[in-house]
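Let me begin by handing over the structure; questions about it come next.
Just so it is clear, A, B and C label the chains in written order, and each chain counts residues from 1 on its own.
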Amino acid sequence: MTDFEAIHEIKQLKYRYTRAFDTKDWDLFASCFAPDATGAYGGLDFDNVDDLLAYMRKNAREGMYSMHQVHHPEIEVDGDTATGTWYLQDKVMIPKLKFVMEGTALYADRYRRTDDGWKIAHTGYTRIWENSWSTEDVPSWQIK
Amino acid sequence: MTDFEAIHEIKQLKYRYTRAFDTKDWDLFASCFAPDATGAYGGLDFDNVDDLLAYMRKNAREGMYSMHQVHHPEIEVDGDTATGTWYLQDKVMIPKLKFVMEGTALYADRYRRTDDGWKIAHTGYTRIWENSWSTEDVPSWQIK
Amino acid sequence: MTDFEAIHEIKQLKYRYTRAFDTKDWDLFASCFAPDATGAYGGLDFDNVDDLLAYMRKNAREGMYSMHQVHHPEIEVDGDTATGTWYLQDKVMIPKLKFVMEGTALYADRYRRTDDGWKIAHTGYTRIWENSWSTEDVPSWQIK
């Protein structure tokens, strides 16, 4: 039978992770990872969680607007470990640089059950496509 | 244990609510609310459901195209009440005004179990960001 | 009681179907359909699955970038058959033709339980809206 309880908790974890990133809540973001977690974001690799967290804090600053929404969970639970495929849609906008990016990717995550609930053991995605354009071409474009 | 039956019904309610809005099915939309429901849409507040419904009917007319898709349900059930966090992506387009808007927000809802199923007791969201532009800058833009 | 196991399997099927399309994995895509499946994509009808598959393989080629994400599942299971409403957001981009399309639709699917798991018996959608524009108006637009 499908372990709905574990799948539910893993979904909540993943939702917390993207919500924390997009609202720049770095303590909540950090709490989603296992201490030895790794990351691989379409060519941007992290072999330890401290580097991953430091990178995100540094690059996702004031003036960067983002959206990371994850869909289509395909989660397989095997005891205290699990894998998850998700279909990401993301946007990143940096008005100061007139930069707008939009893309999709397939996440391939690994999760681990700990005394403190399910945590991300590895997160990574492969881009399907990514487009970008400059708001210089659309002078009326504005964001708040 | 997680009350999957209640969470399922609350999700169905929320999906019906957005589907009703985007297809302008106002009777279905009205049926989603408790009689004493309130709303708070990023600064646009309603202290009673009649005003909320009247506003929506008036403003979401022919000639306005919209999308309200809600993701990442984080629903907590406590007996006959529940809270729900959702991650909205919305678009509103009014060709006549050359207006295109796109945004994201976090919903913070409250639900109540009634004899007629779960209903929205309060719905409201806080914007993460919202952008807009004029199709005057993209003359080929068209919608049907 | 809600048949969560069947709903779960139908969701996994639908996610596989869109993932297969957007990654152009045509064997996986074909495996999602019952042998006698039919399709009705907003005016584009297929009365047999061979025609449907041939059409998709021919039109979704190299140089076409797509996103098909399905949300808000409203699935009703009745023994070995089921119906499903989904809220689609899709994008199609063909850089060579400077073509960008984005839209939403409501899927009305039928599913059937087989010895090989749940399969799509009929899939079809009704558009809510669809917009398009030419990247000629946004010269900086690029995709990879």
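The rule we apply is simple: contacts are C-beta pairs under 8 Å (C-beta built on N, C-alpha and C of every residue); 3 or more make two chains touch, one makes a residue touch a chain.
Keep in mind that this is a model prediction, so the values were computed, not measured.
Between subunit B and subunit C, the superposing rotation on Cα atoms measures out at 120°, rounded to the nearest 5.
In this structure subunit A contacts its sequence twin subunit B using mostly different residue numbers, the overlap staying below half. Here the CA centre of subunit A is 25 Å from the CA centre of subunit B. The multi-chain contact residues of subunit B, meaning those touching 2 or more other chains, are 4, 71, 137-138. Touching subunit C in their complex are the following residues of subunit A: 1-2, 4, 71-74, 85, 87, 89, 104, 106, 128-134, 136-138.
Here subunit C touches subunit A in the complex through residues 4-5, 8, 12, 15-16, 18-19, 22-23, 65, 67, 69-71, 93, 137-144, going by the rule given at the top.
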